[in-house]
Amino acid sequence: MPVQRIRPFFQAINEAIAQCMADDPYVYIIGLGVPDPKGIFGTTLGLVEKFGPKRVMDMPTSENAMTGIAIGSAIVGMRPIMTHQRIDFALLALDQIVNQAANWHYMFGGQMHAPLVIRMIIGRGWGQGPQHSQSLQNWFAHIPGLKVVMPTTPYDAKGLLITSIEDNNPVIFLEHRWLYHIKGHVPEEIYRVPLGQASVIRQGKDVTIVSTSHMTLEALRASQLLEKEGVRTEIIDVRTLKPLDQATILESVRKTGRLVVADTGWRFCGYSAEIIACVTENLFDELKSPPIRIGLPDCPSPTSPALSRYYYPGANEIINAALKSVGRKTNKETMYIKPTKPHDIPDADFTGPF
Amino acid sequence: MPVQRIRPFFQAINEAIAQCMADDPYVYIIGLGVPDPKGIFGTTLGLVEKFGPKRVMDMPTSENAMTGIAIGSAIVGMRPIMTHQRIDFALLALDQIVNQAANWHYMFGGQMHAPLVIRMIIGRGWGQGPQHSQSLQNWFAHIPGLKVVMPTTPYDAKGLLITSIEDNNPVIFLEHRWLYHIKGHVPEEIYRVPLGQASVIRQGKDVTIVSTSHMTLEALRASQLLEKEGVRTEIIDVRTLKPLDQATILESVRKTGRLVVADTGWRFCGYSAEIIACVTENLFDELKSPPIRIGLPDCPSPTSPALSRYYYPGANEIINAALKSVGRKTNKETMYIKPTKPHDIPDADFTGPF
Amino acid sequence: MDKKTLIRLFFQMLRIRIIEEKIAEHYTNQEMRCPVHLCIGQEAIPVGVCAHLTNEDYVMSNHRSHGHYLAKGGGLKCMMAEIYGKANGCSSGKGGSMHLTDPSVGFLGATPIVASSIPIAVGTAFAGQLKGEDRVSVAFFGDGATEEGVFHECLNFAALKKLPIIFICENNLYSVYSPLQVRQPEGRRISTLAKGHKIETHLGDGNDVINVYRLTKKAVERARSEKGPSLLEFMTYRFREHCGPAFDNDLGYRSKSEALGWEHRCPIKKMRKFLGDKGIITDGDIVQMEKEIEDEIDSALTYAQKGPFPTEDILMDHVYAS
Amino acid sequence: MDKKTLIRLFFQMLRIRIIEEKIAEHYTNQEMRCPVHLCIGQEAIPVGVCAHLTNEDYVMSNHRSHGHYLAKGGGLKCMMAEIYGKANGCSSGKGGSMHLTDPSVGFLGATPIVASSIPIAVGTAFAGQLKGEDRVSVAFFGDGATEEGVFHECLNFAALKKLPIIFICENNLYSVYSPLQVRQPEGRRISTLAKGHKIETHLGDGNDVINVYRLTKKAVERARSEKGPSLLEFMTYRFREHCGPAFDNDLGYRSKSEALGWEHRCPIKKMRKFLGDKGIITDGDIVQMEKEIEDEIDSALTYAQKGPFPTEDILMDHVYAS
């Protein structure tokens, strides 16, 4: 194994942007706070020094127009990266994202295209509450013409962001706030992780766990304990929600016959429903037990830590689901993974305010 | 059977609004074109004459603010009905609908509520194209705090709209353009169809068809031909997409063991996926064959009739799915329902332009 | 202004008028199966504005786009074919009348969500500035569009960055059937809004092509010399119904006398009289022009009517660019 | 202005200041587990504005809402409990600092999506007009909020309907770390935008509570006498970081000298000096006031800290109203 270059997720994002900007003079990045001292959780730090204020820009708090402006620039040759500090703010820009960007290539018969990356951060914890922690990936995945990417590892973050920037379509790139300080191997050079390929990050023969973004880490935690219990999980990190890599998921379920889906969003009408529908339509006879989805309950995100504690499912819910799926009783005492930090902070050294 | 009072769908809507306005002085209706000579496909005709311009209002083309204004008025005691001539225009108002209205009751601990009906029309046909014919019900159904209603029959249109106006929550009320001239029994007096109850509009023991809005009519057409083939379908019109009446659907599938879902929206990550996920999670062992979903393919709505012909599934697709579900080969010759009008118009006497 | 320019302006207005009337005439055949928003009565604005633009300059438009498309030089044949939903249409039939495009002449596209193409136009101007190009962008929109917040967001950004963009507001007093007074405060002009943003602003007679031409000239010069954006509000009137081929003054949402007043101020009649009075064109010239235009539109109609329909296999094409 | 009013204005500013400082002090204990946006330095605006409002009048606010809530008469105890995420908080712990509410005094609510509560406030004024009530609504927002299109949509509608609403823009020169000049055209005041909409507009010193009081008085009179909306732009400065308890001038996004200049213009210092010079209050009075306020906040802190956390069974409560 080659020497590992261990870097945090936020830096992987930062490198992807910097390297694409160095590579292609038409790439620019724009968004509230992009050149500010905090640099969008570190992901844009240093860029303005390297590339100057004409390519690394702040903007007015005008999400709708600014998205349209990014689209307009894209259709005449620029390659904008737009960032939103919270996905919730992008609700103001959906006319531009959905009616315009997603349709642009199709509705003009393929004559133009809109190569645009929209980075959006999914919040969570520390009382972000109902308007700063929604996880709306299924909305975007529902829309033809958009691609939807949700990286989990620093390696994928960099590789997928580079591919997204180079892609000729509007790409919704969703970064989970709690991943920014996760560390992993990140090669220094430019490399590409293709869109539309899921990643089998753990092999196992008993249960397939299909997960998105931060839930993949929860699945990994769960799998260690499950392993001890003799349940071997296969974990598939979806990575690209649209276009979905059905083949990888179906292949795994064909092997395990069992499916648990763990998504960061709401369960009802959420992305996890798509995975279950896709598998049952295609592999009905191979499924050995009912598929199970794990996601947020059907209520807004509560602010108080006393409530958010019960709002976000994690490794323990995945353990229970996997055991249920293989027909085993759950046993609270042995199965419970004890928390190493308060449930509402991303890392042990987090002290607020966001 | 009592005497039937046969009225078109648009008039059922009109009556519901008029009767609620007569009943409750705090109800008002606002939207682009509400008091205009066409009266939103006839649904608002005569209202301004009856209730005056202070309760029946046009508005500036400012969907976002106007939705917020409706919300603001609702939380201090009014009961607004907001109308959008196309659901596509409401994309401008999603911050207000999703971040604000849906959360209002919850995020302030239940102290206030936002009783607001947002009527949105789902377009289709006659070259409405990519920005005037989206069917985004799954977006709204995904959001806790919203209720989502899609009537099919004139009877339900009136009864559900009355209940929606009287409901103390934000209700997304989706009317399919192609239903406005459908006729059916509509009682004259005020009556209520409860939210959260699906309707079994046809009983049968072989296949359950769960359908939304206009697809329910297609399912009915399909069922007649299927009947001749000896396949007895049970058709469930979802009516309220959120809260979903799981019980009625599960009960039916428990009986038939087979499921076809027909929705007006995109298949991928659409509402049909929720129905399938819900049924397979709950009734895995009772399902006899793979559930099948019918919806729009993963591409924008094309304008040319030559393309829209292949875009919208209908009775024939439902027939094929039902036959497949009971393990029968499909037979194009006998099964095919021949169209009685061009595929891109709602009624035989439609001549454009929308 | 030289005679050639004057004649060209007149000819182009006449051409758009005749084309639109032909569309209206044929629409009832039920072969153009998409909504159409005709610009009959408003031709002076696209013509006077686009006279200053080259193929390198960008135009974006709204639902009422035929005039903008044609004045910018968009191909007539593929426009007609698009309205007929044909594979040889400018958007392969996927867009229809509400989504015209001809990138070869800088008419980037039209989109019917009110005000939605304004930020996209601003984005093209922004790109030009970032790339150091010498292009001007023009956004056409109606009075209704100025009620959308995005319009203001665009003015703010254009003013902030001093972008080479010209906002052209075609104020025809109505949004569908709704008169200005139910949508905007009485006595407040749209151009005043732009002044609030500190944008160079002029109010003009949109039925006087020479006035449109002159005001736009200055705005284009401003833009080309990096002095920043302008907004021009042009008063005008749509002669036919909002959407579709018919007249609809019988509906009662606008008064007959109002409509009549505007008919007298028809931009084409006005220019015809002006040119006639000056002896620049004769009735014979006009007959000649009409003939030329009708021949052109006839062959475009044939092109469109005979064109092939798109086939099932292209339905899923172009969802994604490769 | 009578002495009693002057003293009350001063007292209320002082009270908000001390409460905010207490929050900052306790925030580092990691028990207030939600973002907080303190209004230290900006107290004169909520105090001067709300002095003219009764409990029947409505106020809506944004992320930086503590001052608005308190000045409108919102309960301190349940505000503190809310920030602590407790069941006895004003929103049962579900909202936190960014979603304060106290309907009993007409403080309807705060929402942190920039500009999002402006239309809701307009809606309350609209309802009042529809119902024929005699209420005034106030929307508080920052300079950043004026960049959102919805702000303009609201001005247009308020002007169209002559609604009894007052738009209060707290212009503190920054949106998070971004200065005005990267967001809005140079030399264009926010109040100018409102003039573009033909709305009664004034620009005032937001650090001078008497100035705020006087300008608001007129605006409220206008609203109550059905003359329509006003917009007041008040210049001010936030002393601490955008979100959180700390000072952050060391980050370099604003200059030390700028910050120092504004500290000298601290609204409380200024008023204290004014009242002292006039002999209206003495240092002794102030010590007395501080003591009173500290006692109040101490018992509110106890209320909050000792309050019960919401329990799992209320998680799914109040998703829908019955």
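Labels for the chains are A, B, C and D, by order of writing; each one numbers its residues from 1.
One rule holds for everything that comes next: a contact is a pair of C-beta atoms (placed from the backbone, for glycine too) under 8 Å apart; a residue touches a chain by one contact, two chains touch by 3 or more.
Please read these numbers as outputs of a predicted model, since none were measured by experiment.
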Maximum centroid distance from chain D, chain identifier (CA atoms): C
Geometric centre distance via CA averages, chain C-chain A, whole Å: 42
Separation of chain A from chain D, taking each centre as the mean of its C-alpha atoms, in whole Å: 36
Residue list for chain B, restricted to those that touch at least two other chains: 59-60, 62, 64-65, 88, 91-92, 95, 99, 106-107, 129-131, 144-145, 298-300, 302-303
Residue numbers of chain C (touch at least two other chains): 89, 91, 93-95, 99, 111, 113, 147-150, 153, 156, 160, 182-184, 319
Contact graph of the chains (line, ring, star, complete, other): complete
Chain A-facing residues of chain C, complex: 58, 60, 89-95, 99, 101, 103, 108-109, 111, 113, 116, 118-128, 130-131, 149-150, 153-154, 156-157, 160, 317-322
Parts of chain D lying in touch with chain A, wherever the complex brings them together: 27-28, 30, 33-36, 85-87, 89, 91, 93-99, 111-115, 144-145, 147-150, 175-178, 182-184, 243-245, 251-253, 309-312, 314-316, 319
Touching residues on chain A, where the partner in the complex is chain B: 64, 88, 91-92, 94-95, 98-99, 102-103, 106-107, 129-131, 134, 136, 138-139, 141-145, 242, 244, 265-266, 268-274, 276-278, 280-282, 284-285, 287, 289-293, 298-300, 302-303
In the complex, chain A residues that touch chain D: 32-33, 36-38, 57-65, 88-89, 91-92, 126-132, 297-300, 302-307, 309-311, 344, 351-354
Chain D contact footprint on chain C (complex, rising order): 147-153, 156, 159-160, 182-185, 187-188, 192-198
